[in-house]
Amino acid sequence: MDLFFQDPWWLILIKVVALFVILLLWTIFNVWYERRLVGKMQHRLGPIMNGPFGLGQALADGAKLLAKEDFRPKNADKWVFNLAPILTGVAAFTCWTVIPFGGEVEMFGVTTRLQLTDTPVAAFFIMAVASIGIYGIVLAGWAGNSTYSFLGSIRSTAQMISYEISMGLSMVAVFIMAGTMSTSAIVESQRETIQFQIPWTDIQFDLGLSGWYALLLFPSFVIYAISMVGETNRAPFDLPECESELVSGYLTEYSGFRYAMFFLAEYINMATVSAVCTTLFLGGYLAPWPLNLIPFMNNAWLGPIWFVLKVQLLFSVFVWLRGTLPRLRYDQFMDLGWKVLIEVSLIWIVMIAIFPQYSLALAVLLTAGCYLVFGEKSKAIDEPEIPAPDPDRVFDPFAGGYPVPPMPGQVLPELVGVVAGAKEDDPTPAVEAEGKDA
Amino acid sequence: MNLYIPIVGMVILATVFVMVSMALSTVVGPARYNRAKYDSYECGIQPTPQPIGGGRFPVKYYITAMMFIVFDIEVVFLLPWAVSRNQLPTFAIGAMVVFLVLFFIPYLYVLRRRGLDWD
Amino acid sequence: MPFPLLTILALLPILGSLVLLALKGPVARLVGYGFALTTAILGVLAFILHSQGAALAEQAQWIPAIGAYYALDLDGMGALLVLMTVILVPIVLLAEWKVGETENARWGTGTFVALALLLEGFALFVFMAGDVLLFYLAFEATLIPTYFLIAGFGGVRRRAAALKFLIYSLVGGLVMLVAIAGLYAVTAAEGTPTFLINDLATLGIDGTIGRWLFVGFFFAFAVKAPMAGLHTWLPDAAEQATPGTSTLLVGILDKIGTFGMIRICLSVFPEATQWATPLILIWAVVSVLYGAIMAFGAKDLLRLVSYTSISHFGFMVFGIFALTSQSISGSIFYMLNHGLSTAAMFLVVGFMIARRGSADIDAFGGVQKVAPVLAGVLLTSGLTALALPGMGSFVSEFLVMAGAWQRYPIHTAFITLGMVLAAVYVLRMYLRTMTGPVTEQVSTHITTDLTLREKAVVAPLLILLIVFGFFPKPLLSVADDAATQTMALVGVADPAPQVQEGNR
Amino acid sequence: MTRRRRRWPSSAWPTPPRRFRKATDDQPVGIPAATLEWMELSPLLVLLIAGSLGILLEALVPRSARYVVQSGLALLSVGAALALTVINWSAGNILLAGMDLVALDGAAYLFWTVLLIAGLGGVALFAERGYGGQSAFASSAATVPGSPLEREADRQGNEHTEIFPLLLFALFGMMLFTSANNLLVLFVAVEILSLPLYLLTAMARRRRLLSQEAALKYFLLGSLASAIMLYGVALLYGYAGSLQLSGLDQALAAGAGSRPLLLTGLLLTSVGVLFKMGAVPFHAWTPDAYMGAPTPVTGFMAVATKTAAVAGLMRVFYVGLGAEQWTWQILFATVAIMTMVLGVTVALSQNDIKRLLAYSSIAHAGFILVGVVGAVPAAEGVAVSSVGAVAFYMLTYGIATLGAFAIVTMVRRSGGEANSIDAWKGLGKRNPIVAALMTLFMLSFAGIPLTAGFIGKLTVFASAWAGGYGWLVLVAVVMSAIAAVFYFKVIVAMWFQDADPASVGIVEVPSLWTWCLLAVTGAATFILGIIPGGLLTLFGGVTSQFIR
Amino acid sequence: MSPEGYLILSAILFAVGVAGFLLRRNAIIAFMSIELMLNATNLAFVGFARFHGNLEGVIAAFFVMVVAAAEVVVGLAIIVAVYRARRSASVDDANLMKF
């Protein structure tokens, strides 16, 4: 009935093994790539010692972890503690089964696609499997039976499910446009070029620009791009494992290779979400514009190259974010997810549901609207008013019973009289109780 | 069904890999007993006794979880509709818009009641 | 639609009770009494009109879905009972003029009057109902005022007695409700559902279903007109309630039982009636004897009177189910007479108790000496109860016996034994309380003879009883008509005297 | 090759993407356009929209104005729904609406009317806050009972005006349940009606631990019941191959399919509905939920849930499983007997008025089931159908229940309700009017003539007998005689017992809401007891027919 | 296609759910048992849909999912409230009301 049915068993075997090996190698490469790139950004070298350009570094790290003691804290739940990394690891690999690397090719005399398999619900399948990965994290935190890991896993779960919604919603827009959830069909649907039409006229023109959904569904793309960072717990959204608060989050109790497994999964996941992004929004294995105008460039065997390039580019963005942005506060992070992304996604879905053919214009409209609502001006409204500290009032270092740092303009009591202008006053800390249920 | 055979193959391969390497690490790695090492990690102080299951944590997380469930279901409903969006009559599109609007109302409610605020 | 005399007659006391709820103090009782008297006048008027042959029936659609009508209809028996009711109520009210001032009373006299009027109104509805559902409705509705009357005024254990009364009546009533539901099912299956007694009578329900329904109705009536075995609520209620309440209870309310037997059981289920007759007759005889024997052994005056009533009700039931026009006519007439005589008994005993502060027979003795009028009145009313010739009750009792004798001589012989016992217990009671030496207790407590009010209460009762005894014709003819009608509906002919033996 | 659209050679695959900017000849494929009968469905829609609007208002209107806006909106919408129902009914709009999912027939309109009347009563009870300016609902349900946060919310005078939208949603679910022509809709409706009630149960202002516990029990048992019911629905679907009641009926007529499947499905489906009715052995939640829930909720729940449940029960079993009546009649007869016996006997020993009324409601569920068992269809020439009788019974019971619970809210001690019967002693002396009304309602419960309850019982018993279940009527009658005992217990306490100073309950004067409710229910109980003619004709006749 | 396999599986799952509800005392576990029952029903629905060759059962499964979600939301709210008030989620501890 379809191409994938016709794959003989040996071809499937070859593809599975090949994909597995590629993923492992690519991940090892990515670890090195990230460290090098961050190093460059921070004007240092990064790993250079092992192998050419330090390429063997990640491999060495893996080998080291393999040889480390892999112990389980005595309070931990035996089964779940072991199950969690397995779940996470397997889920990370499984996602890739439906990602298309290239189009239809001849291979050993069989016509097949450069893709392990595809199903009518492939994109949905990815979401589902990714959710199983979340189970791994929850269970890891729970099984560790330690405060840090538990809090970390709770946080990480909350974070991942929060961003999964906007991720799902942004994907819905793609499905509306593509009319399918099959990953290869989505890619193919982006092959066609965009016909531009000047509003209120019949004039149409065609720049040969492929109809990538990153263009056609720009807001969805942006939302997806943000959510995918949140989904992978990467900076600036790496709250579950933020060292300053939670030691290592859900990973706190893990060591040895079980730890390595989470580590591996995280990097695979980064690649996964990038690959999904590529597939859904960036034309997957299709040649980028203007190269797509050259017939040769659309050779199916070139597909993997375009694909890997795009994914690597997105991966670089991950690294870039990590190298430049500070970590968000948890409330800011949740606010962004719940109050901005979902809201915008919902509106966008409604728009696109009604007028899919005007998506470009609508995207502009929505972007403008978002700027108006969430832009600089409204910042002041969102942020709670912080009363300006009264410079005349002396700082109470134990306001509310906890040691607190001085606010701008305030002076530590021991500095009174030492610093010019600082004088003692009666300490009346203004503690404002806010009713929660407004 | 054949579509899923490669997936099953991948799952098996990945499981084998994960389990073998985990088993390998226990064989290869050392095992030196240290009582403190097997305690929960808590910055070196005596660990707080923890009931299995983690004890108490902010209700906020429950709200998040509940909201997630609601919205996830929404997405589930959107998906089949989205796929067949251009084969559907206007009524079905209108119905989905109504559905989304109905979703927006409680969302707005939670938002205004500061159910989504973290402090 | 003609002038709705019957509706007004029945609604007037109910209206009166509502008015009384709004009033307070002595005014209430006066106003209430006014209502009672007006009702009495209307009732007498209705009776006279009926005996003149005026058609007083009223009928209107009520609940079409189940075929219920608002139908009021005054037949001979109904007319007699209406007459009795409207006469008794003012007398009772007069007798209980100060009921609200006793220490046990929960509410004032006004409330008593209001409840009594309410009871009267519902009772009138029952006696005039031409529709089974309406009958039932009013039948059950009487429970509420009665319950409050018993529970609100009287002895210390009155609440338990009231609850006992209520539960017995309710069970009986609800069993009747089953029968009514069945009646609906039967008539609905026939075509249009109806609850009109006249329609039902023409339907002639028979067969197993008819017998079941008969049993349902009869059970309710047997509880009401206490037949031995289902009677236990009555002595308790009578003992604990005030004499006035007991009068209303036994004199008016319990008549509903015998009334219903004739009105519904006999006319709607003729076939089942004949089926059940042998058993019921024996039951009635047992009732007569049981009541008499219990009265004989009673130590409490009120209980004694209530047991005599049980005996007398057995009498009435016997007359009804003997199924001769004479006996039925006698039973109907007996209902009237029993109402009056029991009223006299209860009220007089009540006067005694009010003075002595105890209802124990042993607490009295030699009252004759200190209160001769009281003693005389007690004797007279006692004689009416034992059906001395010359009293109204004699006429009716004689008719019952004479009618029944034609068919059931053996039963009648046992009944006669009951009459003998009646004479014994009444006279024994009189002897033990009134004659003999004056005890110390009696002399300290019974200081006054009957007051004017009390005389005014008893006088009309005794006068009426004696008048009926000597001149029963006008009333008896009404009862005769009713009996003949009933016989026609049942479809049983009077046995010819010469074949009485063979007809057994 | 560049712009060639690749067509996949498979038909099993989704159709290839169609680009919108070129798609001018969009023809809907295979999916027929749904049609909605807007006017006929308007009562449902009004409630749904008003409920949603209520939530929106909750978000947008400032707190001080919420009470007025919400209670007004609730009253208006329920009133409007009632008016629309009556309009549709009198216009004779009998049809299957909403793609045959909703049956708008006489029975549906009948029960809608009863439900909406109960809804009006519910709104009045919910809106009452005459006792020290407080409603019966928690100031902040999310706070821990007894915590500083709760005290703070109390102090600020917060209140949950969300109760009104919740009420509207529950009412919507009930109406949908009543008219569901599809087993799935039935299930969805049962959830729509239950979920708001679970929440409302947990929101009592006083005795919140009790209230939360009641909600927990109600919720757990309720969702268990609905899960069981759903499994039954699945099995019936497996039997018939259709979720439509008419499909079920046809499958039964054809006699195809496996009978074990059918019987198991039937049994399991009835469990859910019987649970909602509070019939034994699925009654365990009733006393706890009634006792723990805020009294206004209890009143509303007692009436409306029961009405909806019995209506749904009759629709499923009369319309869908009518051909199987010899199986389920005996089942329901058994359940009815158990329900009556248990409800009555346990009620005898209750000393808390709400608990007493709860067991009384169980007993009443039994009486209603007696009416259901008869299964007398509405047809020309049949005077009282089972549907009509049951609907009328529900109306009378509902009116009395609303009134009784309204009075329960009024008798108070030290700021809270005094629910112990001891507190009611001597009420007749302290406040004869209230005591008289309560007496009237109790008499109506007991089925004493001249009250609406009597006519209700009569019609139900009559229809059961007409359906050939005379013996069941006998049992029911014996039970209602026993039931009278505990109703009279209340009456006795009010009129004949003297107040105990330690536990005396004072009648606090409520606002106009409760007074209106009491006036209406009292008058209706009385009037329906005397002249039920017109209404009974309407209820009992062919106007109460089911359609498939 | 015979639905028996699915039906048996779903019946087993359902029975497990019922047993879990009846035997476990923790409210959350009891509640999860109910969710299990709902999902067992879903399986039955889908199996029957396949057997009858119509989509009604599949649609039903969708609705059941929604209902289950709504139930989760309401149920967790109540359970959390109870848990916070009395620091226990055991059904046996909810004992303020007896008979």
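Brief remarks follow.
A, B, C, D and E are the chain letters, set down in written order, and residue numbers restart from 1 in every chain.
Please note the rule applied: a residue touches a chain if its C-beta (ideal position, glycine included) is under 8 Å from a C-beta of that chain, and two chains touch if they have at least 3 such contacts.
These are the chains along with the protein names UniProt gives them: A = NADH-quinone oxidoreductase subunit H; B = NADH-quinone oxidoreductase subunit; C = NADH-quinone oxidoreductase subunit M; D = NADH-quinone oxidoreductase subunit N; E = NADH-quinone oxidoreductase subunit K.
The model shown is predicted, which means the values in this text are computed figures rather than measured ones.
Contact with both subunit B and subunit C is made by D.
Listed here as common contacts of subunit B and subunit E: D.
Comparing each chain's Cα centroid with the centroid of every protein Cα atom identifies chain D as the most central.
The most distant chain from subunit A, with centres taken as the mean of CA atoms, is C. By number of C-beta pairs in contact, chains A-B lead all other pairings. Each chain gets one centre point, the mean of its Cα atoms, and the points for subunit A and subunit D are 48 Å apart. The centroid of the Cα atoms in subunit C and the matching centroid in subunit D are 46 Å apart.
We define each chain's centre as the mean of its Cα atoms; on that basis subunit C and subunit E are separated by 64 Å. Computed centre separation for the pair subunit A/subunit E is 33 angstrom, with centres defined by C-alpha atoms.
Multi-chain contact residues of subunit D, defined as those touching 2 or more other chains: 14-15, 18, 20, 23, 142. Residue positions of subunit A touching 2 or more other chains: 179-181, 356, 436-438. Residues of subunit B found to touch two or more other chains are 59, 65, 72, 83-84, 86, 111-113.
Contact residues on subunit B toward subunit A in their complex (touch as defined above): 2-7, 9-11, 13-15, 17-19, 21-22, 24-26, 28-32, 37-43, 47-48, 50, 52-55, 57, 61, 64-65, 67-68, 71-72, 75, 78-79, 82-86, 93, 96-97, 100-101, 103-104, 107, 111-114, 116-119.
Taken together, the subunit B residues at the contact with subunit E in this complex read 59, 62, 65-66, 69-70, 72-73, 76-77.
Listing the residues of subunit E that touch subunit D in their complex gives 3, 7, 10, 14, 17-18, 21, 27, 30-31, 34, 37-38, 40-41, 44-45, 47-48, 51-52, 54, 56-57, 59-60, 63-64, 67, 70-71, 74-75, 77-79, 81-82, 84-86, 91, 94-97, 99.
Interface of subunit B with subunit D (complex): residues 59, 83-84, 86-92, 95, 102, 105-106, 108-109, 111-113.
Listing the residues of subunit D that touch subunit C in their complex gives 381-384, 388, 443, 446-450, 454-455, 457-459, 461-462, 464-466, 470, 473-474, 477-478, 480-481, 484-485, 488, 492, 495-496, 531-533, 536-537, 539-541.
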